[in-house]
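Structure below; questions to follow.
Read from first to last, the chains carry the letters A, B, C, D and E; within each, the first residue is number 1.
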Amino acid sequence: MANLTLENLKKSFGVVEVIPGVDLEINDGEFVVFVGPSGCGKSTLLRMIAGLEGVSDGDIRIDSASVVNTPAADRGVAMVFQSYALYPHMTVRENLSFGLENIRMARPEIERRVSDAAQLLQIEQFLERRPKQLSGGQRQRVAIGRAITRDPKIFLFDEPLSNLDAELRVLMRIEITKLHERLGNTMIYVTHDQIEAMTMADKIVVLRKGVIEQVGAPLDLYNNPRNLFVAGFIGSPRMNFIEGSLSHSDTGQIMFEAEGLQPLPLPDTNPSLGARERVTLGVRPEDFVISREVGAGWPVTVGVAEQYGASSYLHCTLKGDIPVLIHEAGQSLARRGDVLHIAPRGSQWHLFDADGLAVGR
Amino acid sequence: MYGVQRLVGIKRMPWVFLIPNLTAVLLFALLPVFINIFYSVSGSDRLFPWDRTLIGGANYATLFDCTNYLDPSTCSRDLFWRALGNTMVFVPIQVTVMIGVALITALCLNRDIRGRGFFRGIFFFPVMLSPVVVALMWQWILQRNGALNGLMGAVGLTPVNWLVFPNTAFFWSVFITVWAHMGFYTIILLAGLQAIPRDVYEAARMDSASPWRSFTKITLPLLKPVLLVVFILAVIRSVQTFDELYVLTGGGPGSATMLMVQYIYEVGFASQPRNFGLAAAASLLLGLALLIFTAIQMRISRGGTDD
Amino acid sequence: MTDLGMVKSGSSIGAFITRRRGRKRLDWTDWLTYVYLLAGLVIMFTPVLWVVVSSFKTPANLTEFPPTLLPYAAETVIVEGYDDPLPLFDVTTDEGETVRLAQLRRVGINAQMIDPANPEERLTIPVENAEPVRQIYLAGENYTNLLSSTGGMIWRYVFNSLFITVVATIITLIMNSMAAFALSKYRFRGSNMALVAILATLMIPATVVLVPTYMIVAQLGLVGNLWGVILPTVATPTGVFLLRQYMLTIPDELIEAARMDHASEWRIFWRIILPLSAPALAVVAIFSILSRWNDFLLPLVVLTRRESYTLQLALASFQTEYGIRYDLLLAMTTLTALPLAFAFIFLQRYITSGIASTGIK
Amino acid sequence: VGQTITLWTDDTGTGGEIFAEMAEQFESENPGVDVVVEEVSYQTLVESLPVQLEAGEGPDIAVITDLGGLSRFYVDITDSVDAEYFEQEWGQTLGWLRGDDTESTAIYGMPTTLTVNGGYVNLTLFEQAGVPVPEEGATWEEWAEATRQVAEATGTDFPMEMDRSGHRFASLAISYGAELVDEAGNPVVDDGLKAAIEQFVAWHQDGTMPMDLWGAVGGATHRELFSDFLNAATVMYFGGSWTLAQMDTEVGDLFDWAVVPAPCGPSSCTVMPGGGAMTVFNHSENPDIAGQLVDFYARPENLDYYISREVEIPSAVSQIENGVEYPSASERTSEALATFIAQIPKMDDAAYRFQGWRYQRAMMNAMTTRISQVLNNELTVDEALVRIEEDVNLAIQAGG
Amino acid sequence: MANLTLENLKKSFGVVEVIPGVDLEINDGEFVVFVGPSGCGKSTLLRMIAGLEGVSDGDIRIDSASVVNTPAADRGVAMVFQSYALYPHMTVRENLSFGLENIRMARPEIERRVSDAAQLLQIEQFLERRPKQLSGGQRQRVAIGRAITRDPKIFLFDEPLSNLDAELRVLMRIEITKLHERLGNTMIYVTHDQIEAMTMADKIVVLRKGVIEQVGAPLDLYNNPRNLFVAGFIGSPRMNFIEGSLSHSDTGQIMFEAEGLQPLPLPDTNPSLGARERVTLGVRPEDFVISREVGAGWPVTVGVAEQYGASSYLHCTLKGDIPVLIHEAGQSLARRGDVLHIAPRGSQWHLFDADGLAVGR
């Protein structure tokens, strides 16, 4: 149905270049998530695809036909807005049929489509209500329904769940995933939320300042971030970073040294990894081996120990006041002031060179 | 209508939306002003510009024909200067009193009291009356044999012939215009008060702020933008005061309550022959004064809020 | 450490005075509020009430000084042999008795009276001994006279006033909201200029441009035509301003959503913006209704024929070079203010909420 | 082809009705002509009609009161009317309609009724006070003195009141010798006017006249307080003949009243005449038919019918001389009318000249405005005189 | 310093009884968190303690002195509002000092306190800014600073972090915890957020419809909920509930039976637990033993498998369409459609009787 190609796509607002040039290929039926810090251009990119924002340079092709000069309504894409943008004065039914009436679709066909969409999204019983009379999740569903009735080739979502509370987010996240499985359309989804990106995407696109930093499957990005930015951005809580240098031990082991800390042998290293002056070691909170024995790794002092019930997060500090966050499954027994010893687990560590690029193990 | 959009393109649609209103504005608001400018530099009582003869600044010269600028009696058009002077006294007093009263009323109506809607209606009601009705009503109440004197007589006070003395007539001019218009400003201020978040007041309460201090330190500063709008509107309206006083006092006693707009009306409309030129000149001077005032006001208000 | 606790004892009197809501008693600020509001009630409303009550007084009762609180009329009696009903007086005789006599004629300080029971005998009574017999009497004839003195034209005036008010208000609403839409939801060159041009007219007193305005109306051939009053008043700057401020609060996303729904700009305006601006429209409508209904000067010069008179013009014709007909005037005042009172009762709750939401803040 | 003639009259009397009624006959005499009579408010005639005429709008015919001021909008109907008859009946008033143009012989319309300023006196109060009512020929001062005595004796609020109107004041001024306007149409501010103003001011200062009218009101605003007379709060009220009907109905039996002959000044015993004229306007599409309609109303029988129905003072010379029957009027009203009519021959030339002057209204407005200022100590009498002259000259400049 | 006692505290708004009677003892220096569903009366309770809302009945005692008649400002409590309620027109410094100026504190003392608070909260560099010029987290800190300067005995927080984004919430949460440790004041904290409640509280108070359901330390509530409501409310994601009955197996094992499922022996049961008709079994997502072997427990089918990177959540269904959520540490290999076998781990299960009360193991 719909492949989408962005080719050297650029966007400037006045003299400010927001998107300096993006190349991206999205295959038919893929669920692609755009993530990136606030202001990095995610929405702009999405709105350019939708046709709500003009293109400064480059090309957007849907099914290999350029659409940069096609009006928004005729591109065959549908957008679900962050604030839903439901017409507050229309009933749900009218919201769903407004777009179809605008193209003078026959009444029976409109009704068929509206009821199909309503059934799919289980909002049949709300059809005569106004958006105000719906809960957040129901509104979200109506917004999606409005997109569905138009039978678009591509769905665009701009942070569709950010206005919902935590519980509802979990539910809607799963519903959208299921919807994607059922409809099989191409979907592009912008979010700030780590979990959404990780759990929903076929492919995550990480953006920074309008530039694509890495594209890949979620676990791929999680396990093999291409650079420091992606490593720090993907995963919540964040990966711990410790700056230091690499050296070879007497035994040929590769050792990581940081100021004031005993050198730590890195497990499972690639022998080709040479000594380096300035590297950053990255270890995710769950990737530490914790022990109470002296000598088993770096000593850390527990600050706040947060007990979530199912798991615990220990906010610790390494010598030199470097904060380290440690995840412990289950209910931790550690208390403020305890000293633990930590070392990276197996191959679960990452190294980045002075430019922030990942160094192969 | 979709046809229009296809015809002009989406880029020009805003103009399509603007044109009806803009046409009306140009035709019935701005064009008259330009005609007025022409009137002011031309003579004769003819309505159509093409019938009139250019006389240059003669009308302005007539207005400024004074032997002593400090004493209006020495001016040929002494009434122009008196009206200007009266306006300059009337406007500040009337606006101050009006905003003061409207603010107090809005504060009262903003409280959690019984019958808010009723009181709101009461204070708004006079806004709905036409100025002529307001003036006739009060004239009828204030005249020598009016209800007020009847009431005063009944409670043992000496009746006063209110509209005969310049000071009392001026007082009632202010009173009646405030009476008639304060409801409008009260409602705007009330809306402004209601927009101030409740929790800020609660925070102030936790902060030991006395009612007076919460008023001066919280309410007033937060109401400032609304007060500014109200202030500008009130000044514009106050300068434009005409109908009420024209019917109530005709500008009297003497010329004690004659304001600029009445002067312009009398010169340009109620007299025979109509001196459009002089009236237009006077109105342009008034407009100039208003413009300067607004500009100063904008400057001050912009300087006052640094964010 | 807790100096707040110490403040407590020191300010207990202050605390007592400033004690506020939540306590069961009314505090002094509440009392002050009520006193103020009641005083306001008296000042704001008694004049109006006075007018309404007085509109039921007979002309004689109206000119009386000191004025009577309620409408009274002299009681009359029909005496045989006299065509007109004769007014009754309570006369204190020299003996101190009180008898009820009918007055025939008053000459100087004496009046000729007869006893209705004994119409033959004429008595001469000093005026100061006679007290008119009066009863509360609602002079409904003020209203019927009003109808007859206007030659049944009053319904014509009502129609004209209504026509002007309704049509002008509708046109005002549509035109102002169109302009406000353009000025709030589009970015285009000249928009600031247009806004300034519209708002600048706020400062022009209508009286001052009456003559040129009339000339333009005359040139358009609209003299004596209701449209000659309607058209010059429709482009109210405050309406544009209020509506624009309100429309600024309508999210742009709604418009974008509608555009993606194939809606034309006009349809967006008509189906989305206009319904959503209802509160602001209500405010503008109220102000428009008020000023159109009360308009006087422009109708005076433009509406030249009696058939085209508005109620306000008719009202003014009771005040002529030959005096003011207070009886008719008061009745007419009451009548013209009534529709507004009703309009206000129905629309009042929109006024504050509407103004509050128009963003004058 | 139907031709429509529109005629405006003001709505204070019943004039419109009668004109409409009579027009039926005209319509039957002239098939195809439709006469539309409209009653408009007085304010429309005074304030709005001139602007409309300026713009080429308005009715074909109107009964107007500013006879000289509108003269440039009239059309000459000499050819449509019996010119000789018109000249004979209304020779003087026709001149008023010609405004500045003293050379002209054009006939611009038909004066309909005459109004006369005059004093109403509360006879009952005189009777109660035991003060004799001044005879014909009594001066303004004598009247003032007499009414003061009456007011004092009876506890009446005020001795005399006068409408706030330049027209009323002109009666006093001309009696005091004021010329107001000269033959050439220039304003005259002379000693007569000064004396009148000084006297007038003195009366306000000593309480002979209340401040409510001339003192409390400003600008050119017209104001009356006839209700004071109706309530017996003033002994004498100087107003106009048009108030007669109201007197008759509202005073009723409350007290005795009468219209008194014009009080005299040092110069004459004159009051101002006034009244309306039916004129045809130059934008009319059918000036001939309009003229014929005027001629129709001017027919003696129609004129008599109209005047007697309206209970008005006639303007035609023959009617004034022969008198008119008022079958519907009360005895007292007829008496009063007779008194009013009796004043007409006594009117000073200056009064007629002033009435016909194009800038009369400017002068009257100047007088009301300036006298009020003097009463409130804003101007001295001398300054006021200078201003009055300046005001009128400015108006002449604007009108020229 | 400050013990707080609520004694049979009641609150009605008109006829609606919102708090039917609360008894609670809060010790000096405790960090107490109120949780409960929306509308359960948390804010009302807090506002009654603050003195912003009157008391319908009962008593509030601070340090054993009743304060129900003490004005808000004099109770020695400070409140941090959900929307911060900063004075928008004052600089941060003025915001902090306003309360102190109101009690006429000496200038130097005010300055000392403001700078102390600013230093503590690291907002010194913002002291001259207006709230608008601050980020959400900074505003939050100012709001707390305002409370601190007044040196209150008790801090009250009403959902103070709910307007912040996820990342900032984590940070501020820790900051408030540290603040509490440093100041040692009594703090009462209302929140919707599970994590906040679990990690910050010394003592959690669970409210439902104005009634206290359970009071206790976080892990205490997590591990030993007193009833079904608390069990479902505390912990996120929610505990899984399965309805069924209890019986004794032939071996004397206590078995849990549910319709359509094979009877499951409950490990570590208390033998005194008899057979019961209607019970609810509650198992937290992380408390399942997962195996791929048939017979090792109930079979469940994996629906959506959410990979968070550090852990995975499997949305599964038990026979009879009962949804079960399973937490798996690390990156799960389970895919949609896989069948897993699950059984409660050790003693990590909960039983509730027909009335919803916990049944001792």
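The rule we apply is simple: a residue touches a chain if its C-beta (ideal position, glycine included) is under 8 Å from a C-beta of that chain, and two chains touch if they have at least 3 such contacts.
Nothing here was measured: the structure is a model prediction, and the numbers come from that model.
The minimal number of chain-to-chain contact steps leading from subunit B to subunit D is 1.
In this structure, the chain pairs C-D and B-E differ in their number of contacting C-beta pairs, and the larger number is found at C-D. Chain centres here are Cα means. That of subunit A falls 59 Å from that of subunit B. Per-chain CA centroids place subunit B at a distance of 18 Å from subunit C. Separating the centre of subunit A from that of subunit D, both taken as means of CA atoms, is a distance of 92 Å.
Residue positions of subunit E touching 2 or more other chains: 52, 71, 73-74, 103, 150. In subunit B, the positions touching at least two other chains are 47-48, 145, 205, 208, 210, 269, 274, 276.
Across the assembly, subunit D contributes residues 47, 51, 55, 227, 231 that each touch 2 or more other chains.
Subunit D makes touch with subunit B in their complex at residues 47, 50-51, 54-55, 66, 69, 210-212, 215-221, 223, 227, 231, 233, 358-359, 361-362, 365, 369, 372-373, 375-379, 383, 387, 390, 394-395, 397-400. Against subunit B, in their complex, subunit E makes its touches with residues 50-52, 71-74, 77-79, 81-83, 85-90, 98-99, 102-103, 130, 132-133, 146, 150.
Across the interface of their complex, subunit D is touched by residues 43-48, 62, 73, 76, 78-79, 82, 143-145, 161, 163-164, 166, 169, 246, 249-258, 262, 266, 269-278 of subunit B.
Across the interface of their complex, subunit D is touched by residues 59-60, 63-65, 103-109, 151, 211, 214-215, 218-219, 223-224, 300-301, 304-307, 309, 313-314, 316-317, 320-323 of subunit C. Subunit B contributes residues 197, 199-200, 202-210, 213, 217-218, 221-222, 224, 307 to its touches with subunit E in the complex.
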